[in-house]
Amino acid sequence: MSMYGPATTFLGIEHVDLDDDAQLADLDVVIIGAPFDGGTSFRPGCRFGPLAIRGSDCQVYDASRPHLSLRVDPLKDLRVADGGDIEMPPGDIELSLARVRAAVARVANLGVLPVILGGDHSIAYPDIAGVADAKGDIAVVHFDAHADTADTHFGQLYGHGTPMRRLIESGACRGDHFFQVGLRGYWPGPETLAWMAQRGMRSYEMTEVRSRGLEAVLDEVCLTSTKDCETVFLSVDIDVVDPAIAPGTGTPEPGGWASWELLSAVRKVCLSVEVSGLDVVEVSPPYDHANVTAHLANRVVLEALSSICHRRKGIASEPRWAPERPLLDER
Amino acid sequence: MSMYGPATTFLGIEHVDLDDDAQLADLDVVIIGAPFDGGTSFRPGCRFGPLAIRGSDCQVYDASRPHLSLRVDPLKDLRVADGGDIEMPPGDIELSLARVRAAVARVANLGVLPVILGGDHSIAYPDIAGVADAKGDIAVVHFDAHADTADTHFGQLYGHGTPMRRLIESGACRGDHFFQVGLRGYWPGPETLAWMAQRGMRSYEMTEVRSRGLEAVLDEVCLTSTKDCETVFLSVDIDVVDPAIAPGTGTPEPGGWASWELLSAVRKVCLSVEVSGLDVVEVSPPYDHANVTAHLANRVVLEALSSICHRRKGIASEPRWAPERPLLDER
Amino acid sequence: MSMYGPATTFLGIEHVDLDDDAQLADLDVVIIGAPFDGGTSFRPGCRFGPLAIRGSDCQVYDASRPHLSLRVDPLKDLRVADGGDIEMPPGDIELSLARVRAAVARVANLGVLPVILGGDHSIAYPDIAGVADAKGDIAVVHFDAHADTADTHFGQLYGHGTPMRRLIESGACRGDHFFQVGLRGYWPGPETLAWMAQRGMRSYEMTEVRSRGLEAVLDEVCLTSTKDCETVFLSVDIDVVDPAIAPGTGTPEPGGWASWELLSAVRKVCLSVEVSGLDVVEVSPPYDHANVTAHLANRVVLEALSSICHRRKGIASEPRWAPERPLLDER
Amino acid sequence: MSMYGPATTFLGIEHVDLDDDAQLADLDVVIIGAPFDGGTSFRPGCRFGPLAIRGSDCQVYDASRPHLSLRVDPLKDLRVADGGDIEMPPGDIELSLARVRAAVARVANLGVLPVILGGDHSIAYPDIAGVADAKGDIAVVHFDAHADTADTHFGQLYGHGTPMRRLIESGACRGDHFFQVGLRGYWPGPETLAWMAQRGMRSYEMTEVRSRGLEAVLDEVCLTSTKDCETVFLSVDIDVVDPAIAPGTGTPEPGGWASWELLSAVRKVCLSVEVSGLDVVEVSPPYDHANVTAHLANRVVLEALSSICHRRKGIASEPRWAPERPLLDER
Amino acid sequence: MSMYGPATTFLGIEHVDLDDDAQLADLDVVIIGAPFDGGTSFRPGCRFGPLAIRGSDCQVYDASRPHLSLRVDPLKDLRVADGGDIEMPPGDIELSLARVRAAVARVANLGVLPVILGGDHSIAYPDIAGVADAKGDIAVVHFDAHADTADTHFGQLYGHGTPMRRLIESGACRGDHFFQVGLRGYWPGPETLAWMAQRGMRSYEMTEVRSRGLEAVLDEVCLTSTKDCETVFLSVDIDVVDPAIAPGTGTPEPGGWASWELLSAVRKVCLSVEVSGLDVVEVSPPYDHANVTAHLANRVVLEALSSICHRRKGIASEPRWAPERPLLDER
Amino acid sequence: MSMYGPATTFLGIEHVDLDDDAQLADLDVVIIGAPFDGGTSFRPGCRFGPLAIRGSDCQVYDASRPHLSLRVDPLKDLRVADGGDIEMPPGDIELSLARVRAAVARVANLGVLPVILGGDHSIAYPDIAGVADAKGDIAVVHFDAHADTADTHFGQLYGHGTPMRRLIESGACRGDHFFQVGLRGYWPGPETLAWMAQRGMRSYEMTEVRSRGLEAVLDEVCLTSTKDCETVFLSVDIDVVDPAIAPGTGTPEPGGWASWELLSAVRKVCLSVEVSGLDVVEVSPPYDHANVTAHLANRVVLEALSSICHRRKGIASEPRWAPERPLLDER
């Protein structure tokens, strides 16, 4: 069930066989491991991301996590199971990615929300394409330090620097349905930026984000991303967070988000728009310390699921709910 | 004197015998080590908290620390000594906690401010109760990611998830005198929250804190906590800070404070209200890196003592003192 | 099933319910986790020993491990299952130890070999006593840097420095049935040594071991331990190994064994005498590096089970088997 | 070329011989390593700072780094080369510092901007003095947790606690041309503060910085520092950043900047004033984790060079440039 | 030149262009980096092996290393250069391995000894085949914990578990020319062992090695490996060493060699037989501590080159040379 | 009392003022810290050696350590005190070394055995010379991976590569009274070796040591070192041990001793010859893991003191004492 290490499900939820439609059909959400780092351009290790994200918590593994603020228990109030890992040979990226696309498309076709735990970001090509295979036109909200729109990577089409290019070039997604937040640093160069502009992508570099405020930027993203598309795929590269806050990653870039900014951004998106797929990628345990990065990624998943659950329940429209409301007030 | 490791006093201050009333009576403040992790529900190691907090500084251990901004030297301007560690066998929590309560009550009865270095948070039951034994009704300001109000813990009454429940249930403190700031994450569940509400506790979850601002929240806490009570016990669980900033702790929860937020919150409380006891808990050196967590806890103690000293001296009411005042201006 | 962390069985073997006699009765061996560090006198962390020992391997978790040299697959050729962890509250050592004794005695009474993964060495009192409860007079072969025969420990009867004293004083085992190998360093002092001598214990300090050779010493141990007793309990404290080779432990003492010496010693004992119980204790993951200590402990369990299996199959008496025989020779 | 470890240039740029005026004369910027930690008062290790800062990046070492926001490639648009390390015997601080002063003065005299990678902050005395030797009156903008104005250090004139005192006392810089931002903690004491005030230094302690805002403070610094002086030396002690964000340093002080605050502050200064010299000091790799501190220091250098390049090109005055401008808008 | 990280040559020797026959033809030895971990079955990271092995030394990088005992300077007395890294995309193992084979064959055809720094052991297939392409029938002496003779690996033909199978099945080497020393643990199973026996491989498991002695085993290997073959390829998987001694590796197996046993074994082989190729593989820096594993691998290269140099110079046959000869005796 | 970090004595023994002859005169042994790393050629950090060696033990700090095998308590049976650290500014090596020589000479003149905790090996020049100042002709037994006989070091006379040269050239010791054991690796070159031979030094390289056996070599050393000299200074550079066993050091060289070999060698020398001084150097905590190196150094001190005590008591000549004697036999 786990490609590397002992069989482990996300916080103790039930295992489900990804090949069994009957089992899947009863679910709201399925967790899928994509333990692959054959697409990394520098530090590997994110093959161990799924294992670490599933098992980095310091509470009892009882398949229950009541969200203190949103007042839902995403593992109880949603029907969630863990489909285990897809076998992805590190030296064969094409085969590995194809398996992801097939699995995600099957899940999405059954109306189940796929949550993919990476692995490196090369899996975004098949996992987003897999959802698009099932759902048609979708928008992509992409939290990342890097645009991931290179033409090639070590001379190869596939790798963690190229997935967004492949998605757009393959027609799986339209460039103007891409909303990237958190870019910074020294990559890519002018040619790639020109290609991105020409495809109509909307990329929020950190100078713009800090200047306008993350909240304002996300309001704009939520509004514009759902103009043309009914649903959104949220792709979270953990390196959008500052390397000091999330050191366990492969291609860090200083100057990123705090952990609370990421959690808050995930909540905002998942409360505001209809999310049809989620991935959390680039968690590399060998470079982590005391599991802080994997634990944060675990919380990204829980925050997303809690918010999705909250949205589905319609709590946000209840008169008593408000972010600033005291925790212990009657609800 | 130290239960684990070489005899070490807080930054080189004098040692004092906790059993000698005559020595104690001359003091303003006494540091007490509570090297206990028998109450932890996950990662242990905070038995080494007292040693690490005392010895994590990178300056000379000369029992002097002039605070740059507040312009007091808490180790010189207050009469401070270190009472060493209380012997707390890890496998006998009841005995261990009883020893803390007795020691703290004796100190507080002599009019000395006890500063307890944990150890896990199970020590909050006896150390707060110990002050209450001496002082009567006190308010508790509690910085923490967790409410610590579980009914039981591995089926036991005592442990680091239950101290606030024991305090309230035992009558040592009233529920409506509890002010918790920093809660977040996925614990506790509805039943415990209902108990907390019923007891009148006031718990500021991080959504409220980020929405209203930490400063506004603390203003409210300082105001309301001193309505009924003359003094406040400040209990600082280092896990109120984000795990990436304070990784050396036992039950981390992403999305917490920055280090400067904690230091600033401690300063605000200690400048604003009369503090009759302080503990700093859950520092677990085996999970720390380069001592950053223990060093921060050390600064929490110094910031608290500096602020208390500043308050006692009445500097804040001097016309020339203001936070925004340049460091080198004449005073 | 696991007290701390995700549910994990030893290398992927089946889980068995320790309370279900019917399930147990079909087994040859049951693995039991004793995740307790409430008895440690210095560095804690071995509560995570069971989890780490079960999951530290870098191969597929397929419940199969064919031993290259002994030519048995202990996880296939023996009926082995994993009974999960016994719940052991860290702050209540008496309750925790009592649960171990009850569980081990039940298992042993059913004719199943218990393999207990510690946890600190305080569990040796109940796990050896539990086997003795079922089997009567047993010998104890004890690999350790420390004699573990203190009278008390932080003033308490129970703790990781006292289990062998409690075993002998309680009458569960006779002192002259104890064979300790690997002692060294600076503990205990003359009084305790006198008590040990008076009880007829046989303790091989490292000076004797290095002077006579480990192999010769073990030959003597195997011979004498089975003079009066039909079976032997093998208790392996990982700190018998040098701290540089097994850093993940709580009370290291330089000058110990190499990893290959421990594996070879375990093989010798388990091939030579009838083993009725095994524990592997004092693995403390927070002090480990790259899992080397937990991995070694995992191999101690496999080496023991492989040797026991080999012994039961009678391979050693086959004409073709010999340690110096080439691996690929026909068998 | 490298004093410690393999020959390495900053991100793959060309090596230049610091003794060859002809080679130097063609450059805009030269990187100089000052691998010295003989002046540290606590944790050493910053002798490896230059090597780590040059080689901590996770991209290809191709001497190109196009800045995403400022739209310049500092390693291409400026003529930058790496002069390697100055040999600085750790036990002879006077000789070591003299070599730095001579080298920096030669470079500055040729009109080349020196960027010195420390090494401990004792090098600020010779590197700032070296620029002053060439340029005359300069202002110093100094980002640091510490004032570095001690009279002596272990009884010695030179060391990382004294450089600013030596600069002012030697007449190389005037006290009222010093602008320190980021001070905090418990050093120095009143006597040294009095000396600083008497010399007219302007020191922004963190209470003032947080109270007024970093941006407002920097606006004031940029304005006042260039009243009397045409150019500014920017000295960046990495410990101005919080120890949790930049753990790899020698004398950490909790409560510092976030990484993005440092990068933004460096950008502001280098865009706003004429910078004639830069040092980045106190990066101590043995205390770092996953290279986060060295990587941040690398980005400080790139941010400074990108901003200097931007300023020289006059982009900031172009109508289309603004921080809040979308990344992919036409320029 | 370096695929990952700054351009670095082995201990400061000259760089040579692997595509330039003229440059190569003048050499005795060329170092080649194979920075590939796309073939690993568990922990990745050995893509950084070449960089770490080249740069892990704590002496000056002056391209000189006089061997204290053998009295040669392998970097001076042999003509050695560093050909840099072969570009090996981690996700395309077939392309990556093909590039290694081509490069090694070219080098070997020019009469230059190739020394390949891995990378994972999948590179042994192309690097040994590359030498065989040039030299014809060669023997392989293979130090490893694992036989590396699996049929497939995650369903793939190529990977670090299969190279020896591919070599033999492809006809590049004959099975009875393989001499494996150091095998142990729980892999492979009976089927693979039967295949190995059938092909006539000679595999020395550690039980045999410890029972007969490493020296005796190596004497036998040196004698028999050169019966049919004029030259030997020496393939050193660092995991032949115990994981506690060489923790920085991907698939550790407890019970291995000490560092001095590996160095001594390398010396023995390289002094005794004609070596036509060498690889040192599976060094994974993310799992290393203080560079001990990379440093050992660096010493394996130096020990091999020193011994080869010593053999070529014929020193061993000089009357005055003997291992037990005092260092400072006249020679 | 401690130059860096909290005041700490060796395992809790009394502090003594090194300037007070009256206090010193009553002692058998005095521990002296030499916290200096200004002489290191690569990794610094050994300034923290004294603190780490004093405080790395995992037992109670009660100034008692009964040696299990030798049956003495060196901290009780000898009069031992800790003189604290000598203040040694890292940037002024000449001043620092002069202070060591003065202090050691005073101690030795009073008939007290000095035990110096380094610090880098540059301190061997003053500490051995200091004993020679008091005692006249002494032999030096020197356990080290390196000869430390360079002419200069970064162009300087003093540093950790030159102390033995300075000792001999200054006339403090004669070259033919030097006995070096453990040398290996790639330093120094022929010129320095020629100088060593010319001075009559006896250096046992590891090839000779492994070939003849450490015990035989040490027998020879003990015999020949005391032919001309009444007493021996034992200088233990921790890097004589293999870097994997003692990673916390500055200039590691693979292929060294095991921990038990060092402890056994120290015991042999101290039981066999009259030791008049001891230093233990080059312990660098920043590169250590779980304190294994510092703990080993701590045991080197205890093993030496225990053996010296044993020798002084004449136990070795008692009929009942023998290494192979069972621990619990009557004595």
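Just so it is clear, A, B, C, D, E and F label the chains in written order, and each chain counts residues from 1 on its own.
One rule holds for everything that comes next: contacts are C-beta pairs under 8 Å (C-beta built on N, C-alpha and C of every residue); 3 or more make two chains touch, one makes a residue touch a chain.
Keep in mind that this is a model prediction, so the values were computed, not measured.
Undergrad: Spelling it out: a chain qualifies if it touches chain A and also touches chain E; which chains qualify?
TA: Touches both chain A and chain E: C, D.
Undergrad: Among the chains, which one keeps its Cα centre farthest from the Cα centre of chain E?
TA: B
Undergrad: Which pair wins on C-beta contacts, B-F or A-D?
TA: A-D
Undergrad: Taking each chain's centre as the mean of its C-alpha atoms, give the chain farthest from chain F.
TA: The chain farthest from chain F, judged by C-alpha centres, is A.
Undergrad: Take the average of all CA coordinates in chain A, do the same for chain C, and state the distance between these two points in whole angstrom.
TA: So the centre of chain A lies 44 Å away from the centre of chain C.
Undergrad: Round to the nearest whole Å and give the separation of the Cα centres of chain E and chain F.
TA: That gives a centre separation of 37 Å.
Undergrad: Residues touching two or more other chains, restricted to chain E: which are they?
TA: 42-43, 244-245, 247, 258, 287, 289
Undergrad: Taking all chains into account, which pairs touch?
TA: Chain pairs that touch: A-B, A-C, A-D, A-E, B-C, B-D, B-F, C-E, C-F, D-E, D-F, E-F.
Undergrad: Where on chain E does chain C make contact in their complex?
TA: Residues 41-43, 183-190, 193, 196-197, 201-208, 210-212, 242-245, 247-248, 250-256, 258, 287-289.
Undergrad: Can you list the chain B residues touching chain D in their complex?
TA: These residues of chain B touch chain D: 58-59, 64-69, 73, 244-247, 258-260, 263-264, 289-290, 292, 295-296, 299, 302, 323-330.
Undergrad: Using the touch definition up top, name the residues of chain C that touch chain B in the complex.
TA: 4, 37-40, 42-45, 47-48, 87, 89-94, 96, 122, 153-156, 158-159, 286-287
Undergrad: Please name which positions on chain B make contact with chain F in the complex.
TA: Residues 2, 5-9, 11-12, 54-55, 61 of chain B touch chain F in their complex.
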